[in-house]
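Dropping the structures in below, format is structure tokens.
One chain, chain A, links the two complexes that follow: it is found with chain B in the first and with chain C in the second.
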Partner chain A sequence: MSGYYLALALRSLKRNVVLTTLMIAAIGVGIGASMTTLTVFRAMSADPIPQKSSQLFVPQIDNWGPIDHLGQSDDKLEDQIDYIDAMAFMNAHAAPHQAASYAVTFALTPADTQLKPFKAEGRATYTDFFSMFDVPFQYGGPWSAADDQGRVPVVVISHELNEKLFAGANSVGRTINLDNEDYRVIGVMRHWEPMPRFYDLTNDPFSKSAQVFLPFTRAIDRQMASWGNTNCSKRADSGWDGLLRSNCIWIQYWVELPDAAAADGYRRWLNNYALEQTRSGRFQWPAYTKLRDVRAWLRYQHVVSNEASILVLVSFSFLFVCLLNAMGLMLAKFMGRAADIGVRRALGANRREILMQCLIEAGVVGLAGGLLGLALTGLGLLGLRSLLSKEALELTHLDLPGVGIALVLAVSAAVIAGLYPTWRAAQVQPAWQLKAQ
Partner chain B sequence: MLKMTHLSKVYRTEVVETYALRDFSIHVRAAEFVAVTGPSGSGKTTFLTIAGLLEEFSGGAFELDGVDVHGMNDNARSRLRNEKIGFIFQAFNLIPDLNVADNVEVPLRYRGFGAAERRRRITQSLERVGLAARAKHYPAELSGGQQQRVAIARALAGSPRLLLADEPTGNLDTQMARGVMELLEELHRDGATIVMVTHDPELAVRAQREVHIVDGQVVDLAIQPRLVGGQRAQL
Partner chain C sequence: MEVRPILSAMARNKVGAILVAVQMAVTLAILCNALFIIQQRLALSERPSGTDEANIFAISNQWVGHPENLPSLVQTDLTLLRSLPGVVDAYVTNSYPLTNSGWGDGADLKPDQKTSTAHMARYFADEHSINTLGLKLIAGRNFTAAEIGEKNVRDSPLPVALIVTRALANELFPAGNALGQSIYTSGNKTQPAPIIGIVDRLQVPWVADVSWAKDWTENSVLEPARFVMKESYYLVRTQPGQLQSVMRESQQQLFQAHGARVLDKVEPLSDARREIYRDDRGLAVILAVVCAVLLAITAFGIVGLTSYWVAQRRRQIGIRRALGATRANIVRYFQTENLMIAAAGATAGVALAVAVNLWMVSSFEMQRLHSIYAIVGAVVVLLLGQAAVLWPALRAASIPPALATRSA
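And then the complex of A and B:
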């Protein structure tokens, strides 16, 4: 009978075009508004590394004390660490894998003289960075721990940079010139663009990943300054060594801990480390540390702003209002057909069959509303171009799951909105209807 | 076929009880053609809706084709209605956005017949009422008489045991009314059991017998043999 009810629903939609259009428009506008905000919200709140997000942690330590604070977080902890702590963490090997890193930039001079030198963004880090974050390689691989210790001038380059410099060929063993120094290419990544760029949220979390990765130790040797934020609570001594000895924070630090026991162990180690700093007099305040995994880190850093969450709530409230309108229109439509329903009941339809007929009609209206809503979502996302960064915008396209969500939401919402009108229709007393005629 | 014994139907409000039928008894046998007459508000249509299982009754007993219908739930009543009863309404009650064939198909859908069986029955019913050529027409494209013939075809399609007709010619001019009555008489000659509610004495005399209702009660249940199809009915 479902096919029969579907055919009846399609006929019914054509029967009263104005009412049908209004119902579809009510649902379509509601779905369009809610899906536009939901698409942006989903893109911003997506887990950038779902397979490992519960195993990757950011350790935080209070190296400024309770008085000095940047004021960006509620718990008076900073989102980066200084060089002293970074080196202590690295040397302690308290986690199976760990990597300090910071953003750098250099003038890249291509070997191909046809290409002009350009500014390239890079990241100085340790070898574990690549395995921790499941960085995929097209050619070669990461440098070794020995390369880290040896401060070897090697680089891993992005797929895009390899396309640009070497036309996509295997460039392992070739050299690139960064700030007038040659670096040997040891690995070429596949396209890797985690969004949000969780491993460094200090600048725009929706900006692109680095093009060049080089050993942290080499960057320190070359006195490559941070291209990200550097904040100090006290004036640092002048010069590169002054920065390294200061409490200026500019380094991102991640550890990989395979399970809860390892996380607890690291948490204890981190706190003991802070206690040791207090005992030694480096910190004049109680030990205060935190360890957050990827999802907690994204929440802590407010990658999804409260405004975005509120906007989703508002848009779903709007959908609710639209559905109330659709419900009123459906009630008018179904009750306007009370005579037909009475005839069907007289000819043998039971209440359940009338319910099914009306619910399938509501579902068809919902599906049509969903398709309209998808078109409006597309328009809505286009309208957001002026508000979002280019990289964020790339994320906010309507993918297949998004289309599925929109259609399921529209059909479910229409069926829910149709429950009361349908119930009323099923209560039509055929005798009264027929007597009235 | 249809047996009501001391049946009553009461409509209750907070302040008043109104008896639409009171101590109402009737027995319609198989292959009978009975006319139910009475003034407006006498309870004719209430009788018909109860007989058609569209409404419940308040007291008494009602058997339809040997089945006691008292206390049946909505599903069972709907199924029994679909299988045993064919309705012919005064206002035809065709569904306007379905064509003739689709209108005739409605009760067959609820019966659960397969597509081939539905097609066979639709064709047979429409041929019976002389409208096979109009199968794809919509109700608005037909005259009143043709619409009523479609309604009769719809009533016949499920091969019901009982045809209930409520003022079947009430919305037709005399020419069309004659044609519809002739069709009903023809169906009766072929063995159909028909109960026809009418306030028209000229139609009532064409039935085998007449049951007269006043104030919800049968006041004259005398068997009145009528000439049916030129022959005196044997009752």
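And then the complex of A and C:
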């Protein structure tokens, strides 16, 4: 039966090409606009480490006290920690895995003297960083806890840097020169680019991951300044030691806690630590701490930009207008066919069959609109790439789920828009229509 | 105009009329909020930085390793850059406008203040900075060479004199007597520094829409210190038209003077402006495109539905014509009908637009919608309705009166 309805639907659509084109165009444009923005929005709000996002946590501690300062978050906590707390956290080993880290930058001098030195972005951290974040390795692996202890000059390098310096060969055991010091390559990562870059959201959350990873202890030893944000509530003493002794915050800190009980345990430990700081006089204010997992952290840090939200809002309102439009046109179309429907009813079709027929016609329009919408989404994403900044480029890929969402959205939108016109069509009184003839 | 027959005709076709009205209302709500956002983003991206952007470029310089003789290397670079043909002036600093990255600070009037009187961006500068950036000194004097200290890894010299922007001066001293007054900076509670000069305008580096500095985008202070660090920026101002050639030449010369360095980014300030406002301008373009397509879709929808109504009422139109209605009467009928629907839609639309705006004010830190946008939006939607209805109305007017005499 539905094959017959499909044939009827196609014939009916062909009969009024202008109305059909307008309907398909309305749905297609609406779908195109909303899918374009939704693609960007989905990428921005994506879970960068889905298999572990509920087991990775950021501890926050109020080390500045109740002062007002600029750029403060809603709960008046800081989004980084100072060196004193970072070291205390690391030494306490209160979680199964934990890693402090901060962004650094080097002038990297290639062994090939033909090449000029270039700037390499790095991250100083601990060995747990790699297992905690499931960092994939191509050659070798992370350095050891003993390397952390010994401040050993070893590095893990990114797949891309390995391509550039060693043409992709297994470079484990070879050395790279960072600011005139040799570092031994101990591991080469596979391509690893979590988006958003959840482990460090300061500056741009959609910027690239580091190319060089080295032990935190080594970086501190060599007095490597942070390449990220350093914020102080009061003036630090001068020099490197002054920074380490200060309450300036510049370190990201993550812990891995396997289950809710472990998270609760860590929460208690963290609060006790803060209480201890108050008791010892380092803090002159009550203990105030928080522990957030990856998703909560991304929300807290407002990773999804206002632009993306505004665009989603605008484009879905736009889709709504397109649907009202399609609905009006479908109403016109179905009611224009009242006479046909009267004849079919008189010949024995019941209301349900008329309903089916009209809904299938709406579905066909929706499918065509959805396909047009997909093409327009492709164009829209290309347009966004040329209009928006480079960092956002990574986000603009239409994936398979995206295509699915577009088609389902289009067909269901068209069917919903077709419901009322269909119901009206099914109300046609056969006797009335036949009399009017 | 005969409103009553229109109303009773509409009453028989409620859903169609409501669909058009709602469509126009949502169109209007999107339109005026979008226009408002477009205007705001364009205004944001056109704010002057206060510098001679067209003729300035920045070189980001990173030394390889930790050279012992950094002060003399920097001095050599500066002498070299200033002597290049086509160069007006040059200096070394920590940051510059339109980069979104720099040093923020608080300015205090008293040594024991809990919260700062004003916030500001710190730029390290020397006696060449005002000339390099093309700033306008509106009061006081420039730094002298003797006042310039050296900011390095170990030392942050206490400034002996400060040059502030007009905006910062006014915020610190609303009475307008900033020149000669002393302020405490960078958490330094011991020794205040006197304001020796005021420049007309110099933006902070953070210019984004929701940046922490959005309330003080022109509060900048110049501190007299040569920025001698592992990473720094040279700012160079050139003679008009020589920017590109000087950019090329200066890189070669710098490498010749000292090879063990990385010039990571060499960019004209005009490029920095384009890059930093890219998303703002992009959003404006996208919204403009969406508005245009939206208006087209709404217009075509009205054309489609009105054509259908005309087709439905062919007989009635024929009868009216036969009873003496002129073509103009018929056209006016459909125009009035559309005007009534559009007016209802526009009224609802303005209310919706304000509601959407209020919601965006609370969730996106947006500003309140100016009433002019609602008015413009309503007028556009009304005109759009009239334009869209014209073609079907003219078709209706061309229905011959003889139609009334024929049976359907």
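Brief remarks follow.
We take it that the second predicted complex is superposed on the first by the 424 of 437 C-alpha atoms of A that agree within 3 Å, B and C clash if a C-alpha of one lies under 4 Å from a C-alpha of the other, contacts with A are read in each partner's own complex, and residues count from 1 in each chain.
The rule is short, and it goes like this: a residue touches a chain if its C-beta (ideal position, glycine included) is under 8 Å from a C-beta of that chain, and two chains touch if they have at least 3 such contacts.
Predicted model, so just to flag it, every value in this text is computed and none were measured.
Contacts of A:351 after superposition on the shared chain: chain B is touched, whereas chain C is not. Once the two complexes are overlaid on the shared chain, A:105 sits against chain C while remaining clear of chain B. Looking at the shared chain after the overlay, A:327 reaches chain C, while chain B stays out of its contact range. Once the two structures are superposed, chain B and chain C can be ranked by residues of chain A touched, with C on top. In the superposition on chain A, A:290 contacts neither chain B nor chain C. Legend: residue contacts after superposition of the two complexes on their common chain; A:343 is shown touching chain B, with no touch to chain C. When both complexes are overlaid on chain A, the residue A:97 reaches neither chain B nor chain C. When the shared chain is aligned, no partner comes close enough to touch A:159: not chain B, not chain C. Partner chain A is touched in their complex by these residues of chain C: 15-16, 19-20, 22-23, 26-27, 29-30, 33-34, 37, 62-66, 101, 104, 114-115, 119, 153-156, 186-189, 209-210, 212-213, 230-231, 255, 260-262, 264, 275, 278-279, 281-283, 285-287, 289-290, 293-294, 297-298, 300-301, 304-305, 307-308, 311-312, 356, 360, 363-365, 408. The residues of chain B lying in touch with chain A in their complex are 45, 49, 52, 54-55, 74-75, 78-79, 81-83, 87, 89-91, 93, 95, 97-98, 106-107, 109-111, 154, 158, 166. Every residue of chain A that touches chain B in the complex is listed here, in rising order: 1, 4, 11-12, 14-15, 339-340, 342-353, 429-431, 434-435, 437.
By the touch criterion given at the top, residues 18-19, 22, 25-26, 29-30, 33, 67-68, 70-71, 105, 107, 109, 116-119, 179-181, 203, 223, 225, 232, 234-235, 238-240, 305-307, 309-311, 313-315, 317-318, 320-322, 324-325, 327-329, 331-333, 335-336, 383-384, 387-389, 392, 420, 424, 436 of chain A touch chain C in their complex.
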